[in-house]
Each structure stands twice: as C-alpha cells, then as structure tokens.
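Next come two complexes built around subunit A: one with subunit B, the other with subunit C.
Moving on, here comes the complex of A and B:
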C-alpha cells in the first residue's frame, strides 16, 4: 500500500519535474513546478514528517510560486523560441553535471545499503510540530534567530530599494510617485539660491502652482 | 482486512460529509437570494417548489444545459484547469473538521464523527486554502480578457494580503491549545459543561479572523475581485455553464469551510453548552445534538455573510490594502503578544 503510494507520488514528482524543463510556455512550467512541490509534500507525509509537508505547501506552493506566476502573468512572457544557436556550451556542461549527479546518487545509495545502521522504528515523533518547535527554540535557537534576521534584512532591503531617494543635486530629491523640483528649474526668473521647492504629482500641478499658463493648454485653444 | 474496512468506512464518511455539505451549500445560495430579497424589500425566487425549495436544483439543471463557451484566444488547458483547482482546493479542506464527538452509533460501535485526524490539521487547512489562489489567478489570466486579468490579480493580491492576518489571528488559539490538531482544540473547549469556548479568551483574535475570512472568500464588503461596476464579473467574466457553476460552488464552499474553522476554533466546535447535563457523553443522542449544534453555528456564520452583503457597501482597493496591512496585521501581532504574555504569567488553561 505504502509502496504503491510512494511510486505514485514519486512518479508524479519526476513527471512534473520533467515537464518544468520541457514546457515551452513559462506558465505551464510554473504550474508543473507547483505539481512537483505538492507531490514532494505528499512524500514528506509518508515519511512521517507532516509539519514539513504542510510548510512545503504553504511556503513554496502557496506563497513563492504565486509570486512567480504573478510575474509571468504581468510581464506576459512569450513562449520561448527555439534558441539552438546561442549557449551551445550548455549541452556538454549539462551532460557532465548529470553524470556527476548520477555518480553521487549511486555512491549514496551504495553506502546507505552497506551501512550496518538500519532505521528501526517506523513510527517516530521527530516530524511532529511540537518536537520541531521544541528543538527550534532550544538547541537550534541561534540558527533560527539568524535566519529570521536574514529574512528581516531581505524585507528591509526590498523596501529601501523600492522607495530609494535619488540625490541629483542639493535640495532636489526624486521619490517615485511624487516629484520634487527646485523652483529655479521651473521658473528661470527665480533666484538660484531660492530655497523653496515645489512638491507636486505632475507637470500640470507644478504649472498651476507656479501660475504658468500653458499656451498649449487644449482648453484654451480656439 | 481491517485496513480495507477502514478505507471503506472513510469513503462512506467522505461521501456523507460531502453530500451534506454540498446540500447545505446549495441551500445557502437559495437562502442568500431570499434573505437579500427580504432585506431589499423584494420577494426573491419563490416559485420552484414550496417557497422556492427546489430552486437550487433548477439552477443546477440550467447550468448543465447552458452552452459552454470557450473564448477563442484563451489558453485552453489552463482555462479548463482553473475551475477544477478552485473547487478541489475548496473541497479538500473539509476532511479535517470534527463534526461531532466520538459517538456510539447503532450497529457500528463507537466512531469519531470526523473524517481524518492528524497532527497538522490547521496547517493543512491553511496550505490547501493558499493553493486555492491559483484557481482564481489562472482563471483571470487564461481567459485573455483584461477585466478577467484585473479581477484575478486583485483577488490574488487580496487573498495573499489577508492570509497573513488570518494565519496570525489563529496563533492566539494555537498558543492556548498548544496543538494544531483540530479535534484536541475542540475537546479543550469542553470545559464548563461545553461552554469554555475560546472566543471568551480570544475575542480580538476572533474579530480579526472574521474580517480576514470575509476578505479571503472575496465577499462583501471585500468583493473587489468581482466588482460588477468596474470589472464586469472579475476573474470569471469569460466562464459560462458548468465551469462558472464550479467557481460559484467554490466560493460558497469556501464560505462554508471558513465558517467551520471559525466554529471549530472560537465557538467550541461541536460543544453545545450543558448538553452533557441531559445526555451522557458518548451516547448517540449526545452525538446528534453536538452535530446539530455544530451545523447551527456554521449556519449562523453563513447568515452573517448574507446579512453583511445586504448591509455594507464595497471597500475601495487602496482602503482594502491599507486596512489589511496597516491595521489588521499589527493588531493580529498585538494579539499574539498579549496572549503570549498572559500565558507566561497566568495559568489560563
């Protein structure tokens, strides 16, 4: 029974993984990747690690892949064309890497089979939520906290990148969404050391603030 | 042999639970139309059957016989896949809820009135719910229609934003219970003759959950994904016949499951106050009263949904995002902080 389920989900995982690489449409690849994650989660459940399985679905399938799908949708990535000519060196590199991977897997399987220590108990509480939580907050507290600080840094970094203040000259700053300009740039009659800056959301608004009547204003055209 | 009987029993349980839930969902649609009509001073559908009692089946027949239109430039495979994902994700969460306590059933012996019991039931619910986003996002994209795409994106953004507040609002209950297993959580609320509901200890968490759950299911006042006045019908604009019915079904099943989760975590699940005074625990009638109590609480939440739809106007999108990220999320974090602090200093449970 368990073997049948293992074969089912393992085959599903490998099939989806092949589809990720083989699909021409990037969105199909993304969906196949979600399939890989979900079948991996099923395998985790069978390995008595339900917590990891749930986190796998929530974090990878539910959060990260949503972002990937969003990006593909919003950028409207076209179907990948046949690009044989470029990056030809990748083919031999892929062959070599695949050979290394196969060798590694064989090596591991060989030594696991040879090792005298066989897993004894089929029922363990290592994968349960409470035991994972307990060890995360006692013996692995430092790595756990360091990881959380790393994630916090990523968030703060993304925020600062998104709303960076770009310095052009003294007293001038450009913020996305809001344009701040020194007065003398807009009004040549203003003295250069005029400290007053204009904050506005668009050129029309700036013109209105400075009492500049645009001669190309469509409403004043005859 | 035992395992085969077990599988058969589970299969029967799943069939019974799904049938009952789908029936209730069908009648929720009817109730919504009748109650909304009452709120707006109309009559609503009252022609098919007694007082409109057969209307859901008439609607279903109509959905089956309508022409199934597929837009010319749609991405066909994903266009077909999207409603399936939405419905499956909605239905899959149903297996973890305890509908009643362990009950002595004639001929079968003592059985737990739930389908599956496992360690991470709550995380399973959150995980499956988060997969449901794909149904909507992919539907919007594959229809090749700008209104659908806008609706799909809005809906996904909204669901992702409010999923955070939803998950955090549940942590208070998890801290109190010390487990993710829904059945243990319900059994912990059996104190004081079944009146020790967690809403008494987690009122703030309950309110946050309720708001976030309404946003998660894209219902009024958070129904921006299908804001008719702006987006025609949102992500399912191009869907017709049975595929539209699947989205419709998924929405109502989602309403039902978030109501079940609210009942299980905050309103004591199947605990009916003082039912154990009249019936002995574990007896058939105690189980019956518990199941009826559970369904009654869930139906109360469904009525609340309909009531809100008849009462409230719709949020603007920036208001929605500001409310979710700048108000609901910090309040949920505050709730976790307060709960943890109180639990450290006082022995509440």
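Moving on, here comes the complex of A and C:
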C-alpha cells in the first residue's frame, strides 16, 4: 500500500517537475510547480512529518507561488523563449550534467541499500508540531532568531529593490539622485493638472532652471 | 514492503537533476527562479527522509529554516526580477549578462 502511494506521488512529482522545465509559458510552469509541491507534501505525510507537510502547502504552494504568479501576471510578458545560436552548447552541457547526476542517484541507490539503516516501525512523535517546536525554541533558538533577522533583511531589501519612485505631491516624482521640478514652476502658462516634470541634476542646475541666484552663497559675497 | 530510504534519495536526486537542467536550459528568469525552488524542494525531501529514518528531529528543523530562506529568496529575487524588467523590458537572462541594471 505504502509502496503504491510512493510510486504514485513520486511519479506525479517527477512528471510535474519535467513539465516545469518543458513548458514555455512561465504560468504553466508555475502551475506544474504547485503540483510538485503538493505531491512532495503527500510524501512528507508518508514520512510521518505532518507539520512539514502543512508548512509545505501553506508556505510554498500558498505564499511563494502566489508571489511568483503575481509577478508573472504583473509583468505579463507574452514573448516566447527563443533559442540563440551562440548559446546552443548549453543544451548538451545540460544533458551531460543531468546524466552525471542520474549516475549519482543510481550510485546512491546501490550505496544506501547496503547501509544498515532500516526504517523503525515504532510509532514516533518526531514529526509532530510539539516536538519540532520544543527543539526549535530550546536547542535551536539561535538559528531561529537569525532566521528572523534574515526575514527582516529580505523585507528591507525587497522594498528597496522594488521601489521605483517616491511621490511627493501629485504630478511630481523624485528619483534618487536627481531633482525633479514640476513644469508649472518653470512655465506658469503650463496646465497645472498635467503630470509633467523637469529633471535636474544638482543644486546649480536647479538654480539655473528657476532663474534665481543664491544671495547667501558665501563664495560670491565680498 | 515499505518504501526504503534509498527510494526517497533517488527521487530527490531526480528532482534536483531536473532543477539543474532547468536552470541551464531555461532563458526566462522567472522559470529559472522556479527551477531553483524545485532544487530547494529536492533537498528538503532528503532532509525529511533522513529525519524520518534516523528518528531525529533536526532534519525537519533544517527544512523549516530552508523554507524561510526560500521565502526570503522569493521576495528579494522577485524584486530583482521587477527591477531588471523595468530597466530592460525583457525577462531573458542573456540580455542581463552584465552586472548593471
């Protein structure tokens, strides 16, 4: 029974993983990847790890894949992947590497079957939430706290990377490193509601654009 | 007959191989990103299998932390993808081969 379930979910995982690589449309790849995650969660349940299985579904299939699908739909790139002639040597390289890793998998099969490790048939509480939480908050407290710092850094980094413009008022946007002036400040006849802006680099250029001279500049004062 | 440890390890190696092949073959940066997630999941399967067969909870704690790192990687990586797309109007990694946005 367990063997049949293992074969079913392993075949599902491998098939969905192959579909992830084979699909040209990234959205179909994402859906296939969700299939891989779900079948791996079923395998975790078979391995008596229900907490990890639940977290797999919630965090991976839920949060991370929603983020990926959101970005795919936000960018909405319809272009098909095109092969370039100068990169064609990478395909045989990938085949060779895949063959090497498959050979390693075969080696692992024959190596591990000779090892004395046998599955313990006794019922254990290893995978339960209480035992994981107990270990996480006692002997592995420092990695847990470091992980929280890592998440904080990820939040700050993602916000810094994804931020484009900082809105100060309507129609005026500030790019870091530049000074952007609303157009009607330079040209009073320009319509106010149009979001036009003039970019300037540096204080001197702003002063020149605004036609003002700094009377408080100590270098120009006698 | 129950599933052996080697079965899970072989499945993990196959999934990892598919992920590596995807990273090498694919051109779309989001697809490469998903192949990296596939490789992380293959490693997670190894951790859980060893944890279950050795009756040690440490492997599952590793999986927990790997998932956290994967979530952080997803946030930062997708931010980088957005920045690349904003500057280059493409998702092809060959067009972003210099280390400048």
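Simple rule for what comes next: the second predicted complex is superposed on the first by the 154 of 222 C-alpha atoms of A that agree within 3 Å, B and C clash if a C-alpha of one lies under 4 Å from a C-alpha of the other, contacts with A are read in each partner's own complex, and residues count from 1 in each chain.
The rule is simple: contacts are C-beta pairs under 8 Å (C-beta built on N, C-alpha and C of every residue); 3 or more make two chains touch, one makes a residue touch a chain.
Computed from a predicted model, the values in this text were never measured in an experiment.
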So if we stack both complexes on subunit A, do subunit B and subunit C clash, or do they fit?
-> fit
Where does A:73 make contact in the superposed view: on subunit B (first), on subunit C (second), on both, or on neither?
-> first
Report the partner of subunit A that touches more of its residues: subunit B or subunit C.
-> C
Check whether A:63 is in contact with subunit B, with subunit C, with both or with neither, and answer first, second, both or neither.
-> both
Should A:149 be classified as contacting the first partner (subunit B), the second (subunit C), both, or neither?
-> neither
Is A:8 contacted by the first partner subunit B, the second partner subunit C, both or neither?
-> neither
For A:17, select first, second, both or neither according to whether it touches subunit B, subunit C, the two together, or no partner.
-> second
Quick one: classify A:129 as touching subunit B (first), subunit C (second), both or neither.
-> first
Between subunit B (first) and subunit C (second), which, if any, makes contact with A:34: first, second, both or neither?
-> first
Where does A:51 make contact in the superposed view: on subunit B (first), on subunit C (second), on both, or on neither?
-> both
In whole Å, what is the nearest CA distance you get between subunit B and subunit C after the fit?
-> 14
What residues on subunit A does subunit C touch that subunit B touches too?
-> 51, 55, 63, 74
Contact residues on subunit A for subunit B in the complex?
-> 1, 25, 27-28, 31, 34, 38, 41, 50-51, 53-55, 57-58, 61-63, 66, 69-70, 73-74, 128-130
Would you mind writing out the residues of subunit A in touch with subunit C in their complex?
-> 2-3, 6, 10, 13-14, 17-18, 20-21, 26, 29-30, 33, 36-37, 40, 43-44, 46-49, 51-52, 55-56, 59-60, 63-64, 67-68, 71-72, 74-75, 77, 79, 81-82, 84, 87, 90-91, 93-95, 97-98, 101-102, 104-106, 108-109, 112-113, 117, 119-120, 124, 126-127, 131-132, 135-136, 140, 143-144, 147, 150-151, 153-155, 157-162, 164
Which of the residues in subunit B come into contact with subunit A in the complex?
-> 3, 75, 77-78, 81, 118-120, 123-124, 126-128, 130-131, 133-134, 137-138, 141, 149, 152-153, 156, 160, 163, 178-180
Touching residues (chain side subunit C, partner subunit A) in the complex | 1-11, 13-22, 24-28, 30-31, 33-35, 37-38, 41, 44-45, 48-49, 51-58, 60-61, 63-65, 67-76, 78-83, 85-86, 90-92, 94
